[in-house]
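Both complexes shown next keep chain A, but they swap its partner, so chain B is in the first and chain C is in the second.
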Partner chain A sequence: MSNSNSSNLAKEEQKLAFKLLIPAFLILIIIALYPLGQVFYTSFTDKEFASSKETSFVGLDNYKALLSVSVKELEPIIDEETGEQVVDERTGEKQFQRPIRVLPRDPYLYRPSFEFSFFGNRYVVGARTPDFIRSVWNTLIFTLFSVFFETVLGLIVALVVNSEFKGRGAMRAVMLVPWAVITVVSARMWEWMFEPTRAGLFNMLGDRFGLIETSYSFLSNNSLQLPAIIAVDVWKTTPFMALLILAGLQLIPNELYEAAEMDGASKFRQFFNITLPLLKPSLAVALIFRTLDALRVFDVFQVMLSQKRYSMASFNYFQLIQARQMGMASAIGVIIFIIIFGFAVLYMKSLGVDTE
Partner chain B sequence: MTRDQKKIFKKILFYLVLAVIVIYLLFPFYWAISSSLKSEAQLSMTPATLIPRDPDTGEISFFTRNYRAIFSNGGFVRGLINSTIVATSTTILALLTGSFAAFALGKLRFKGKTPALYTILAMTMFPQVTVLSGLYAVINALNLSARVSMIFTYLLFTLPFTTWVLTSFFRDLPDEIMQSAQVDGATPFQTFHMILLPLTAPALVTTGLLSFIQAWNEYLFALTFTSIDPSSRTVPVAIQFFSGEFARQEPFGEIMAAAVMVTIPIVVLVLIFQKRIVAGLTAGAVKG
Partner chain C sequence: MKKNLFLVLALVFVITFSGLAFADSHGEKISLTVAGGAVGQEKELTIKAAEMYMERNPNVTVEVLETPDLANDRLGLYLQFLEAESPEVDVYQIDVIWPGDLAEHFIDFYDYGAEKVADKHFQAIIENNTTTDGRLVAMPWFTDAGLLYYRTDLLEKYDREVPETWDELEETARYIMEKEREAGNQDFYGYVWQGDAYEGLTCDALEWTYSNGGGQIVSPDQKITINNDKAIEIIRQAAGWVGTISPTGVTGMGEEDARSMWEAGNALFMRNWPYAYALGNQEGKPTAGNFDVSPLPAGDSGKSAATLGGWNLGVSKYSNHPEEAAKLAMFLAGEEVQKMRAVEGAFNPTIKSLYQDEDVLEAVPFFGSLYDVFTNAVARPSTVTAPQYNKVSELFFQAVHSVLTGGSDAQTAVEYLELNLMDTTGFETGEPLQP
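Here is the complex of A and B:
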């Protein structure tokens, strides 16, 4: 009797669960099923955006064009007289043969994407779409650094705002200001602060405090572009992390700290033994969403660097709107999707997120 | 060091950290305010001034015409109204459907939870640009107006977010609460909306605020869907269409003025709701 009762209860619970999931799934089916299906389908065609050209099925061609890479070693250029490697007189760098000479040309042309050195040898990574390979690299670097800094700063801000002090309420509002500034506008605002003349904030400050001799052009200098973009994103999205962590902190019962206090545990130990482990579930969800967003970063790259340097999504935008290669753009979308899915699974496994 | 000295030292350190945080978070926004009060000539002064100053005399001088310009611009005011409607509706829909789903995923036992969670998450894994044309086709097929289209399509990123965050919160609530409610004869649904929902208030407010702001700031979808109906433009799109009444080039001062005016309602909103962020669990509820 009691057995069938409990299995009845379980059935009831299952039924209720399905009912509760219906609205969310209904919405997702209506708005997501067709667009996502279309992206997958289009990625196997050579469809052009806003064109009357006939579309044909091309199989995996788009994927091959995007993902084909070829790594080749570059031979050093040897001076015939001395028998030693030629060194550039101005830069002092050792000279290697030009990548174009070693990269394959037939049946497809591979162009250099980037070069790297390994055990004294110089290699070039060539790709049929070098900009895409670079955009993947840019996005990964961007994601790694911005998510790391956002998490650390978010944690600090959340812990500070969580302690008792006068004006805490106002502080919670202050904390969200960067997140509240419209993204497109905040990118413009920072672009203005990065202005390469002293009309820009950073050059003005650097000049006033005597830190810099000449004005920096943060957004055209290759080695400053990514740090600048990361700085903007960290400023903008730290509040997102901080607020989610703050909400997570509310779930930790005060009794635990009181007990730890009685046992004489230091604040430091309390943080590592109570706060961090109990915060893990909320931290994991915050991290997942932050990483997902960072991997799809578009606005800051588009506004501040446009075609100087791409993120995956801004390269995708370029392919669709400027190059009008809709098939190619869809394939990029699918590749981004797969990369992000991989990250999500990795997080879930490594942080031990319980999905059941 | 005596105990008192130590206490004072700690307090000073704390406020120092607090001050650094406030400056870091607010300074760029202060720069936007300051830029919004500058004329074209003041903006291009070198070196830039922290406070708007007259280019010739160096006296402090505020330029208010940027603000007058944006408010005499019908598009901006209409944008504020549209943004409010769209962001509010999306947030309410996302919280409603999201909390239902999250309760099922976080507290009820049934098969297929993991696939359900992953499917929901997968919705936000595509870059917005990629799904744009497909979404546009769906909207045309359903014959939705621009505002309704934005409300529904924003669920694409707000719904997975609210569902996931709320699920993790529901899961963390002690099972005893549900069990004791069941013993008292409450149905699971009653337990949900009378007991669990109030307990997750901090999570609801947090996700609500974050989703609201995300919807408020969304640009790409809004630009596309309002292209045939300019009267439904939201603020981010309206700002991009500023033609510049005074400036020949892009009206940077006006854009900054608009950015400041658009951020203020959100700050007020947060001030209203912020107490709720930390209301949450009371000691009694946990002990059960």
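Here is the complex of A and C:
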């Protein structure tokens, strides 16, 4: 009797709980699920942004255009006289056919995305939208390096401000300054420091100390663009990393260190046997945060490189605003969503984060 | 509680109906919104012009909506208004490359009596603003054209002439740059221009190819003409400037970057729009009084080319008062306002007769001497490739940029550009049009 009573009560409470959750669910549906569904739907159409052009359903065409690749071998150029492969006199590199000769053109034009060598043969990877393939690549490289450096530096900074010293409070506040600066502002600031003439800080310093011959243009030189952007992001986001790790450090009870001290463990040993294992959960959370954030990087790329080099998100933006291909832009959005989702799952699994 | 509610309701009724009654007794009261730029003096002058209009049309209130400085951002904002078919903005200030792309959202000025005034404006701009089916979707407001800025003091010092061809420019720039560097200014360069991967590079590169007889990317009769020896040759030549007469960083420079280097006294030549004229003459700057402007150098065609820039006024189809808005737009683009803007802000008028106006010439002397440059400016292929122009322009500047930064050679880049353009527009290839 009393049993069924209490279960009735539980049911009543459950019902009430669901009723109370309805507003939250409704809001979630309106602000998250509906737009997301809309993006999914639009990605299967050829909708043009701000245009009265008839929109038609195109199935997977947008995805095909973004993701189709074609790998072709490049024939070596043979010197007719000697019968050997032509070598560029200036660079000493072996000469191969230009990709324009081998990549398919019908029914779709494939543009060269990048080339690579394999067992002495040269191959070209062609894509229908090479800019997108490159933007994915740029974003992955950016994410890998920026998150790595931010974690290492953040850990060091956190360890420093966690130790007892005079002025620790002030130090902790100062540490946060780069994080507090709005990204667009800090990107502009760094843009000035990267100025390609001696008006820029780095070129000026290099010149003062006789380190460089000519000025470097960090933001228009292909091989310097990503390192420059990564530097900005590391500068800006290390404090955030440090903050999260610091919170984790403070959870570790002091007694453990005292006990280790008694047992005669070195500082080094203490770090690897106590600090690191106990820090793992907070480190995992920090890593997930940063990785997912870095994968959807937009502002630094948009301000500093604009259309010189794209991240996934800035390519998406230009597809929508400049090219006005709303269907295509939606498809890019969905792909970004899937990539980020994949990373999130991967992290959860590999770091054993408790989801309960 | 109930009493209060009743009171509020009553108040609402009173206000609503008194508004109606008010409107009835004083004729229709109309409010119009102009979305305009705010670069430099732009906003002040637009507000001033709006006040002039309101004085004459007391039943109309004109509001000016400030929009982002960067053209790309501004386009993004406009597209959001237009996508939503919003009646919020009645008159849009639009870039000279947008009429084609945005035509479907704007009214035809010929329906509102524009044929009477169209002839007064520069022919090239009217053509640019007219769609392929003959609708005039925007009134010209002010124009722009690429100019060559040169340092009079330095040319005099080294006894050199103002260059008339690209080869001369290269030669003079190299010579004076060498001398100036020997004299101690290590930061001195010969020529600065807009080489970043953006619309500005399309403008600069169009001037190179067109002046060299290499055509204008896509000709007005829908032929892709970029893949020719003359175009490839001049793009290759320009790539040779990077790191020699121009800093390597020129491939990251926009208008303002070039201007700041020029105004610091660190460049002999600069390619820029007319707006840099008044700014370069401000007191205290090393360039003040030491420079002049001329048409850009010519290439193999023997003729100089200047890319057409500038802004126009379009009236939204979704406006609640299209007729009133069209009237306002035509007033703003009319002689009186254009003269005021020319005198007070050095904005190039689009009305031919104003270039003979004494007040205008006194304020901005080069309007007279460079009249031909402004009337013969070459338009970017925006109307003919609409609504794909932004894509076309991006393909073009990315191709040129890859050559400038050494990422690919001029021939390959242009060959691919041709294929890409065919893919994007579906046009055939053809022979370049000569200036």
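Keep in mind that, in the parts below, the second predicted complex is superposed on the first by the 326 of 356 C-alpha atoms of A that agree within 3 Å, B and C clash if a C-alpha of one lies under 4 Å from a C-alpha of the other, contacts with A are read in each partner's own complex, and residues count from 1 in each chain.
One rule holds in what follows: contacts are C-beta pairs under 8 Å (C-beta built on N, C-alpha and C of every residue); 3 or more make two chains touch, one makes a residue touch a chain.
This structure is a prediction, so every number in the text was calculated from the model and none was measured.
In this overlay on chain A, chain B fits alongside chain C without clashing.
Using the contact criterion defined above for the overlaid structures, shared-chain residue A:Y123 touches neither chain B nor chain C, since it reaches no partner.
Touch criterion met: A:N221 reaches chain C, while chain B stays clear of it. Taking chain A as the reference chain, the count of touched residues is higher for B when chain B and chain C are set side by side. Between chain B and chain C, an angle of 80 degrees opens at the CA centre of chain A in the superposed model, to the nearest 10. By the document's definition of touching, of the two partners only chain C reaches A:K308; chain B does not. Applying the stated contact rule after C-alpha superposition, one finds that A:I100 touches chain C and leaves chain B untouched.
Using the contact criterion defined above for the overlaid structures, shared-chain residue A:R324 touches chain C, although it does not reach chain B. Once the two complexes are laid over each other on the shared chain, residue contacts for A:F298 go to chain B alone; chain C is not touched. In the superposed model, A:R198 makes contact with both chain B and chain C. Between chain B and chain C in the chain A overlay, the least Cα distance found is 5 Å. Looking at chain A, you'll find residues 49, 197-199 touch chain B in one structure and chain C in the other. Those residues of chain A that touch chain B in the shared complex are 10, 12-14, 16-18, 20-21, 23-25, 27-28, 30-32, 34-39, 49, 156-157, 160, 162-163, 165, 169-186, 188-190, 192-193, 197-201, 204, 207-208, 235, 238-240, 243-244, 246-247, 250-251, 253-255, 281-282, 284-286, 288-289, 292, 296, 298-299, 312-313, 316-317, 320, 326, 329-330, 332-333, 336-337, 340-341, 344, 354-356. The touching residues of chain C, when paired with chain A in their complex, are 72, 75-76, 79-80, 82-83, 101, 104-105, 186-187, 195-198, 243, 247-252, 261, 264, 266, 387, 390-391, 394, 397-398, 401, 405, 407, 412, 415-416, 419-420, 423.
Across the complex, chain A meets chain C through its residues 48-52, 98, 100, 105, 109, 111, 195-199, 214-217, 219-222, 306-308, 318, 321-324. Interface residues of chain B, counted against chain A in their complex, comprise 14-15, 17-18, 21-22, 24-26, 28-29, 31-32, 35, 43-48, 93, 96-98, 100-101, 103-105, 108-111, 113-114, 116-131, 133-135, 137-138, 142, 152-153, 155-156, 159, 161, 163-165, 168-169, 171-172, 188-189, 202-203, 205-206, 209-210, 213, 216-217, 219-220, 235-236, 239-240, 252, 255-256, 258-259, 262-263, 266-267, 270-271, 274-275, 277-278, 280-281, 283, 286.
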